[in-house]
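Same chain, two partners: chain A is paired with chain B first, then with chain C.
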Partner chain A sequence: MKLKMMYSFLNNDLQIIENELEATIQTERALLQEASLHLLQAGGKRIRPVFVLLAAKLGAYDIHKVKNVAVALELMHMASLVHDDVIDDAELRRGKSTIKAKWDNRIAMYTGDYIFARSLEMMTKVEDIEAHRILSNTLVELCKGEIEQIRDKYNYDQNLRTYLRRIKRKTAILIAVSCQLGAITSGVPASVHQSLYWFGYYVGMSFQITDDILDFTSTEEQLGKPAGSDLLQGNITLPVLYAMESPALNEKIRTIHEHSNSAEIKEIIELIKRSDAIDRSFALSDRYLERAFKELEKLPNGLAKRTFNNVAKYIGKRKY
Partner chain B sequence: MKLKMMYSFLNNDLQIIENELEATIQTERALLQEASLHLLQAGGKRIRPVFVLLAAKLGAYDIHKVKNVAVALELMHMASLVHDDVIDDAELRRGKSTIKAKWDNRIAMYTGDYIFARSLEMMTKVEDIEAHRILSNTLVELCKGEIEQIRDKYNYDQNLRTYLRRIKRKTAILIAVSCQLGAITSGVPASVHQSLYWFGYYVGMSFQITDDILDFTSTEEQLGKPAGSDLLQGNITLPVLYAMESPALNEKIRTIHEHSNSAEIKEIIELIKRSDAIDRSFALSDRYLERAFKELEKLPNGLAKRTFNNVAKYIGKRKY
Partner chain C sequence: MVCRSFVKRTTSVKKREQGWSLVSHIHISIIKEKLHNLITHPYLIKHIEYPAIDEDKLLLLYSILESIDISDEKKEQYILSTMLVQIALDTHDLVTNAKAGQLQDGDEKSRQLTVLAGDFYSGLYYRLLADVNDISMIKTLAHSIKQINEHKIAYYHKELEGIEPLMDSLGKIESSLIQSVSGFFSNSVLKELSGNFLLLKRLIQERKLFCHERSTFLFETLRRIAFTKGEKDVASKEQETYMLYLIDRYIDHIKQKIEQLTHSIPAMNKQLETRIQELFYEIPFSSKKYAEEG
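Entry: the complex of A and B
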């Protein structure tokens, strides 16, 4: 089953969010508008809004209350992508030029700042004070993740823990908080929204590990950007760390630096793909998924729970 | 009297804040550390921490509680300066190269993001939930101010209201909130911290208007950057708006665009200086100061109030 089919009952509400996203980034400043719209129209899975809505379905669901959180979190995610592409010097995302490639780093910086500001503005409409505290913490983690990503580039002495902490900050927490805030906004009891947080967290970890595997195993066409981009940009992900446990590969991988030529790197990427690193990475992703399912068991039965279950399964098994 | 002499009784505590600022930006990432330290050591008046501490003196003052707010707000201010310099393409600030000039836009972007993250992290140490809500709103306003500054560059159809709203967002609110959060952290009653907010707000407006005047009337040596930088960067400030009320000057000013040569702009700057725009700008700054003093009257007498009074007077009359 296709991902979007799993939650087709949310289609009307997801369309409201899509419209709201577009309305929120409206500005008279032509360039800013064009850059923001470019980003918005490049699409994406909108996983965060989907999780917000599903979590909200466990409580007193009101799309007009919950949409603010969904839009705010998706905008925050988008803003972080724009700055990430500057950091990674990335040319392509989802098959489209990045803002920094189409315009320049300066415009990418302030488009990111702008979308971030719109996100915060959207959040001020949310009245729950706990939601604000959760959001501040999420922002801190997101920014720390960004900084750690810069710090850890081409750093071959990082370990599994460094990697896991980084993807926790860059990805898992925002997905966890999507579940949690969706629930809080709908008045779901604390015990339930805690489980939702952990469900989102584990799914997020699995999601990012899968992303990092697919960067090796998928084609440019499937990825919408060159295969092996992570290593080409100096980002050391899980498959690389596992591969480095073999002394021969370790030695080879350590030769990669900022000015390596891409043919050399591509050769190493092939070696990593043929090692056991990919299977081991899938196994770790699966362990996170199992923990996610355990959290899910604690939730009340119903359509939301079943859909979470299907989406989580899909995320763990997806091929691109 | 020199500004620093007015609050010499805060010297020990300001030194604690200075140390804390330096400790907070510590990172193993050499470049990030160097860029952040470069910014920190360029100095600045540290007006926001001073206001935080003075406001806290009206309540149960505890430097170890209040320092978190002071450091967080100063870091937020610093982060916004780094991104501003990218937007303005500014080469110099406080007599030193800007980060974007010394390194590049990319490094300035993530140094700004990094300092901002550290600021948020510092804030999470503050337990008062009201403080978090105030801070989110401040962030929104700060980001909106940044975006409006981009939008309003070379826009000659903006009016006084556009300008005032922009400097409110870019400057006044952060100073207002410095006073308010300093007070809240020390358990000052709401009626007092509301007055402090408005005091800081009016002082902030006067401060920024004075800054915008000095950009015309001071020398490069006094400013630590070329005189007339604002207009050279396309930023339309109060003196320009007042000068544009004269039809002859209006016509001349409107000819300035992104690719004007700087000799032409400097000629126009001379004309603005010789018009009544400077005096009228000072008059508006004074009106804001008067409102600040009125708010101050509502505060309990004592050293903090006297010092606020002296600092506010200084800010309104300073020549650089």
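Entry: the complex of A and C
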């Protein structure tokens, strides 16, 4: 089953979110409007709003309240993507020109800051201060994760713990918080929103590990960027860490540096793919998924829980 | 009467107990130190330019808040969070357009971290205000960030037609944050004073830079607006003179507004008063001449 089919019962509400996203970034400034729309229309899985809405279904669901959190989180994610493209000097995202490529870095910085501000304005419609404490803390952690990622580039002496902490900050906590905030907005008991946080966290960890695996195993067409881009950029992901346990591969991987090119690392990518690193990475991703399913067991039965279960399964098994 | 004074006394005791006071005990130097502690990230400071703290903006915020009837802790949080936003936005202004391939290794990393540092400081502002339950100030500052970036794009992308919109955008970029805080406390005089003070400071800086470099982004934009097509790439002597004349007239006009405003503030912060006078001394001679000529 396709991902979108799993939560088709949310379609009307997701359309409300989509309309709200477009309305929120409206501005009289022509270029800013164009740049923001360019980003919005590039699409995306909208996985954070989906998690927010599903979590909210476990409480007193009111789309007009919960949409504020869903839109705020998606805008925050979008703002971070615009800035990430400046960091990575990326030309393409989802097959479309990035804002920094279509205009320049400065326009991308201002657009990102503008979208971030709109997201915060949207979020201030939520009156629950706990929601703000959780989200603001998450944002700070997220930045720390990205800073660590840069610090750890081409650092071949990092360990599994460093990697896991980085992906937690980079990806997992925002998904965790999407679930938790959706639940808080609909007034569920603390025990339920805590479980949802951990569910989102484990799913997020599994999601990022899978993403890191797919960077090796998918085609350029599927990824929208050349395979092995992470390694070329010096990001030491789980498959690389596992592969480095083999002395021969360890030696080869350590030769990759800031000036290496795609052709030079092609052989190394093939060797990583043929090693047991991919299977071992999938196994760890699965372990996180199992933990996610265990958290789900604590939640009340119903359509939301079943959908969370299906979405988690999909994320674990996705091929690109 | 007795009852009223009793109520008043007990209220003030309660306020004191809660750390409230009409007399401010916050100090700029302490706030600055706290700000330094907040923005000092061990890895960032090794690789990026240490963020500049705009002392004038700090002083303006202090002046706005010193007489407000809220706790010292809250005053500090407001100043710190506003300054964090300012530092975040200023940090992002440092992100360059050069292609990654054209940069030295260290410069590329520095640019990447400059992007993240700005995001990090923005996150800190949000966290600081969320920790003290202040959703309304989060909203006020977020609105200001939105407005500043709208103006930055319009200015940077040369969307502005006319000298008035250009000056308006420049003023908003410089002062929207500080003005939003004075607006938050309904202090319209300090709001106007802050706007004029910061625009004056920027124009003086821009003028100095132009006299030194012979070309700045603002003067290029001004030339595009003031002179129609068919002009050469480089400004002619006459154009330079005319642009300086325009800027000087603005400087003079803003100075006059500031003078009027300062007269309408009965108990102005002494430090701010001195700083305003210092800024007036920085006004180049030609502007002073226009002022004398009227």
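Note that the second predicted complex is superposed on the first by the 320 of 320 C-alpha atoms of A that agree within 3 Å, B and C clash if a C-alpha of one lies under 4 Å from a C-alpha of the other, contacts with A are read in each partner's own complex, and residues count from 1 in each chain.
By definition in this document, a contact is a pair of C-beta atoms (placed from the backbone, for glycine too) under 8 Å apart; a residue touches a chain by one contact, two chains touch by 3 or more.
Note that this is a predicted model, so its numbers are computed, not measured.
Bringing the complexes onto one copy of chain A puts chain B in a clash with chain C. Contacts of A:87 after superposition on the shared chain: both chain B and chain C are touched.
Of the two partner chains placed by the overlay, chain B and chain C both lie in contact with A:150. By the touch criterion defined above, A:133 reaches both chain B and chain C. In the superposition on chain A, contact is made by A:121 with both chain B and chain C. In the superposed model, A:317 makes contact with neither chain B nor chain C. Residue contacts after overlaying the shared chain place A:294 against neither chain B nor chain C. Overlap of the chain B and chain C interfaces on chain A comprises residues 27-29, 32, 83, 86-87, 89, 104-106, 109-110, 113-114, 116-117, 120-121, 123-124, 129, 132-133, 135-137, 139-140, 143-144, 146-147, 150-151.
Chain B meets chain A in the complex at residues 27-29, 32, 83, 86-87, 89, 104-106, 108-110, 112-114, 116-117, 120-121, 123-124, 129, 132-133, 135-137, 139-140, 143-144, 146-147, 150-151.
Within the complex formed with chain C, the residues of chain A that make contact are 27-32, 80, 83, 86-87, 89, 103-107, 109-111, 113-114, 116-118, 120-121, 123-124, 127, 129, 132-133, 135-137, 139-140, 142-144, 146-148, 150-151, 258.
Listing the residues of chain C that touch chain A in their complex gives 41, 43-44, 88-89, 92-93, 95-97, 99-100, 105, 108-109, 111-113, 115-116, 118-120, 122-124, 126-127, 129-131, 133, 135-136, 138-139, 142-143, 145-146, 149-150, 152-154, 156-157, 159.
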